[in-house]
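Shared chain: chain A. Partners: chain B in the first complex, chain C in the second.
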Partner chain A sequence: MIMLDKMAYSSGLRYISPCVKAFTAVTTLLLCVTAHSAVISLITLAVMGGLTVYKGGACPLYYIRLYRIPLLFLVLSTFTIVVSISKEPLSEVALPLFRYYLTFKGDAFYFAGNLILTALGAVSCLYFLSLTTPVTDLLYVLDILHCPGILVELLLLVYRFIFVLYDMAAAITVSQKSRLGNKDFKTSLHAMSGMLVMLLIRALKKSNLLYDAMESRCYNGKILVLRESARASRKEIVMAAAFEAVMLGICLLLRRIS
Partner chain B sequence: MTGKQKKFIAVTAGLSLIFGIAPVADAMHIMEGYLPVRYCIAWGVLCIPFLIAGFLAIKKSVSEHRKTIIVLAMCGAYAFVLSALKLPSVTGSSSHPTGTGLGAILYGPSIMSILGIIVLLFQAVLLAHGGLTTLGANTFSMAIAGPFISYGIYKLTLKLKVPKLGAVFLAAMLGDLSTYCVTSFQLALAYPSEIGGIGASMVKFMGIFAITQVPIAIIEGIITALVVMALETYAKPELTEIGFIRGGLNHER
Partner chain C sequence: MSILKTENITYVYEDGTKALNNVSLTIEKGEKTALLGANGSGKSTFFLCLNGILKPQRGRILFKDQPVDYSRKGLLELRSKVGIVFQDPDNQLFSASVYQEISFGLMNLGASEQEAVKRVEAVMEELEILPFRHKPTHLLSGGQKKQVALADILVMEPEIVILDEPVSALDPKHTEMLNDKLIRLPDKGITVIIATHDMDYALEWADKVVLFRNGEVFAEGRAEDIFMNGELLKRTNLIQPDVIKLFSDLCAQGIIDGNLPVPRNFKTLEKYITDSVRSRSNG
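This part shows the complex of A and B:
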């Protein structure tokens, strides 16, 4: 978890304006999902992957391994969509199951391939965003888009606290493990619930202390900091716009052909 | 080969297939780009009333007491960390709890909707679970349907004089199961089966995902019950702390 965040901070594209990156990622994502075509998805996958790995400097092996996270969902649900249960076999390929058949239609593989490619293309856009843009920069973009102040503040605070609590949870887990707290299923259930209880109590205690500390420093519901995010250069804006225009063009062209 | 042997081989093959893929967990967030655009928009729109209600509730309690925002943020971070942890399991595979049951019981369902969408956003960006286009659908199943059903069951079972431990267990487990049913429904609606339409498709999805989700739901129910019990024993003052977030655990006493 902390790895993705670390990579975002050390990315080669870190100091490109977050607005340009968010615009590119989200527009490409929308185009990829709307077009639902193999060609667009492959282009998206190649461009976003290339940007993240070559320009961003993400480790290629780690980047490929990231695609394993949604794999289980992808395999299970695509299998479910493709296969149907019927009384008669729909095509030559049919597996008898009690009185029914597990079967699929002729174009099912084409459909499945298309769906998988679209999903992978979309995931590559998401990875581009989360591997090149730290969360604080994303919050800056949300601020520009006039997201309500309380929500942005809440997001910022949650983001800060995640790491505090995660470290705490990891430390408790290590100490439990070193005392054989996970030696079998029953002890590990007990260990986990004990850890969650301590985590909640400590989190609430910590928030009390934090509130006192912030109150004494005149906290009035908004943490104001100077932003150090870069302004977008004209070249970047033109390049992003041109790329999206080309993608849109290909989408329209493909739609006309089919 | 006799029929019995054949059945035995089929069952063992099925089991090995399940445990072979189970180690890469996260089965229940609909992944990025998996839903067609019109369903993404529709589920997003459906979430808006709940989110506005939650937002107004938060805004009101923040304006009454500024400390609420810190406590809320801590609760949100807690929900995120909870969902990033690995549940203990019998098979050695790793799977994550949803935390909707615990969240709904502790903080109340309307607050949970806002905390839930925040957690889902961070899950998408920091953990690559779920995604931006499917944020609406995931929010509906995990941050709205799950918590509201959990909370409803919790209240109902307490009214029916079920002991608290059982009430919490049922609320967390059924909340988790309902999340999985709603997600199956969302997928079935987007991808109806050729024969039998949405109904048949939903049966298929529920059948397939039962492999991963039913054990998770039971384990999560047990853990949530243990956590709530321990909290009641050790952390009365801290619970009163969250008490001023409306609709929480202490409110009905």
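This part shows the complex of A and C:
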């Protein structure tokens, strides 16, 4: 997660307007999911992957590895669609298993494959957004969309303090390890519980100190800040709109053919 | 005219700790004040009182000879004039974006967007923040975070800036850079108060030195006078600056003239020594 965050800040597409990026990612995702076609999913994967890796400069190997976890879940869950257990050998391929049969349906393979591709396509849209757009820029988009202020403020504080608390937890863990805090299972459990308690106490203390610091800068119940973000150039808007139009066209065409 | 004055303020925390006891202090406009004292001697509590975050149970605080008004409006007024740069930037920086972070105080003061953009840009340039302005605050180094913390306050253009150990835990390069910025603040008409453990720094920089001990003002006076008094410093768990130690030793041994004004840095002391050596070899 920390790595994803770092990549977003160093992405080549970072200074493209976040509104354009969010629009592209969300619209493509919706198209990909509603079309539910292998062709559209493959195009989505290729375009989003290409943008993230070539334009954004994400490491290709790391990018591919990112798909491992969603892929694992997808394979596991589609397994149940493809394979079924019944008393009769229903399909052409059926493995006898005691009194029952493990059956594989041919069209279920196609269905499962399609499902996996659609899901991966959707994931690629989200990866595109999270690997090219820092969270601070996403908050700007939420602000423009008139997301409730309290939500945006919470996200802003949570995002900042994830890192502060993460650093704190890492420092405590290191100091515990250097004192043999994890020499066996029992001690590591003990050390872990100590670390979590400490983290909670310090988080509470920090929140008080932060509140003081904010108050001393005339905080009045609402976090007012300047929002700075790259402006959308006409070229970016046109390109994003054209891409979505083409995708929509392909969707409609495919529907007509089938 | 005194810009800030405390009269017998006492602050007791809820758990009964008496953090401040009868503290009376006057800060003159434009005067450079250094607060010295061991950890837990009440410096930080004192700062929070000066900014209206804490309200002393007894005594009163006068800003420009007017008692502080603890209504919402009065506090905003006071806080817009008295800024605190906290010791640990991680307790001060609340936003991941440097730009948003710096603009916060200014927007709270009700500056227009145009005006705010202009001032944020100016302060970022002045404090050399521009090279890392697009980095998130969690990827900044300790020194860079400190620069942003200072910008947070300076952008509000306060009349008094309070710094709680500004150069603690900084590398020499950042220490020098930050000191360089701090030295110029009084030229802009800003009154600066610094809490520090760095004796050499306090001697060179400060006009007035205040010693805190157990929540009380133990001694105050001109930097030279306080630091020449080794006994006084010892009782506050502090040590004399190296320049002073060497100066006293050299005077005692008759190598340099004891009637010379107290040197505030090694450069002056070096000059005394070379002058003395030269006059001897000539004579």
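Everything below uses one rule, namely that the second predicted complex is superposed on the first by the 251 of 258 C-alpha atoms of A that agree within 3 Å, B and C clash if a C-alpha of one lies under 4 Å from a C-alpha of the other, contacts with A are read in each partner's own complex, and residues count from 1 in each chain.
Convention: contacts are C-beta pairs under 8 Å (C-beta built on N, C-alpha and C of every residue); 3 or more make two chains touch, one makes a residue touch a chain.
Please read these numbers as outputs of a predicted model, since none were measured by experiment.
A.B. asks: Between chain B and chain C, positioned on chain A by superposition, is the outcome a clash or a fit?
C.D. replies: Aligned on chain A, chain C fits beside chain B.
A.B. asks: Mind working out whether A:206 is in touch with chain B, chain C, both or neither, as first, second, both or neither?
C.D. replies: both
A.B. asks: What's your read, chain B or chain C touching more residues of chain A?
C.D. replies: More residues of chain A are touched by B.
A.B. asks: Classify the contacts of A:159 with the two partner chains as first (chain B alone), second (chain C alone), both, or neither.
C.D. replies: Both partners, chain B and chain C.
A.B. asks: Which of the two partners, first being chain B and second being chain C, lies in contact with A:214: first, second, both, or neither?
C.D. replies: Touch partners of A:214: chain B and chain C.
A.B. asks: Considering only touches as defined above, state whether A:136 meets chain B (first), chain C (second), both or neither.
C.D. replies: second
A.B. asks: Classify the contacts of A:61 with the two partner chains as first (chain B alone), second (chain C alone), both, or neither.
C.D. replies: neither
A.B. asks: Mind working out whether A:85 is in touch with chain B, chain C, both or neither, as first, second, both or neither?
C.D. replies: first
A.B. asks: Once the two structures are overlaid on A, work out the angle chain B-chain A-chain C from the Cα centres, in steps of 10 degrees.
C.D. replies: Nearest-10 rounding gives 90 degrees.
A.B. asks: If you stack the two complexes on chain A, which partner ends up touching A:257: first (chain B), second (chain C), both, or neither?
C.D. replies: It touches nothing on chain B or chain C.
A.B. asks: Quick check: superposed on A, how many Å separate the nearest Cα atoms of chain B and chain C?
C.D. replies: 10
A.B. asks: Output the chain A positions appearing in both contact lists, the one against chain B and the one against chain C.
C.D. replies: Of chain A, residues 5, 135, 157, 159-160, 164, 206, 210, 214-215, 219-220 contact chain B in one complex and chain C in the other.
A.B. asks: Inside the complex, what are the residues of chain C that reach chain A?
C.D. replies: Touch residues, chain C against chain A: 48, 51, 53, 76, 79-80, 83-84, 86, 88, 90-97, 99-101, 103-109, 113, 116-117, 120, 134-139, 152-153, 156.
A.B. asks: Within their complex, state which residues of chain A touch chain C.
C.D. replies: 5-6, 9, 14, 134-136, 156-157, 159-160, 163-164, 167, 206, 209-210, 212-220, 223-228
A.B. asks: Which bits of chain A are touching chain B when the two form their complex?
C.D. replies: 1, 4-5, 26, 29-30, 32-34, 36, 66, 68-77, 79-81, 83-86, 90, 105, 115, 118-123, 125-127, 129-130, 135, 138, 148, 150-151, 153-155, 157-162, 164-166, 169, 182, 185, 188-194, 196-197, 199-201, 203-208, 210-211, 214-215, 219-221
A.B. asks: For chain B, which residues are in contact with chain A within the complex?
C.D. replies: Going through chain B, the ones touching chain A are 21-22, 24-34, 36-37, 40, 55, 58-59, 62, 66-67, 69-78, 80-82, 84-85, 87-90, 102, 114, 118-119, 121-122, 124-129, 131-133, 187, 191, 193-196, 200-201, 204-205, 208-209, 211-212, 219, 222-223, 226-227, 230-231, 234-235, 238, 241-242.
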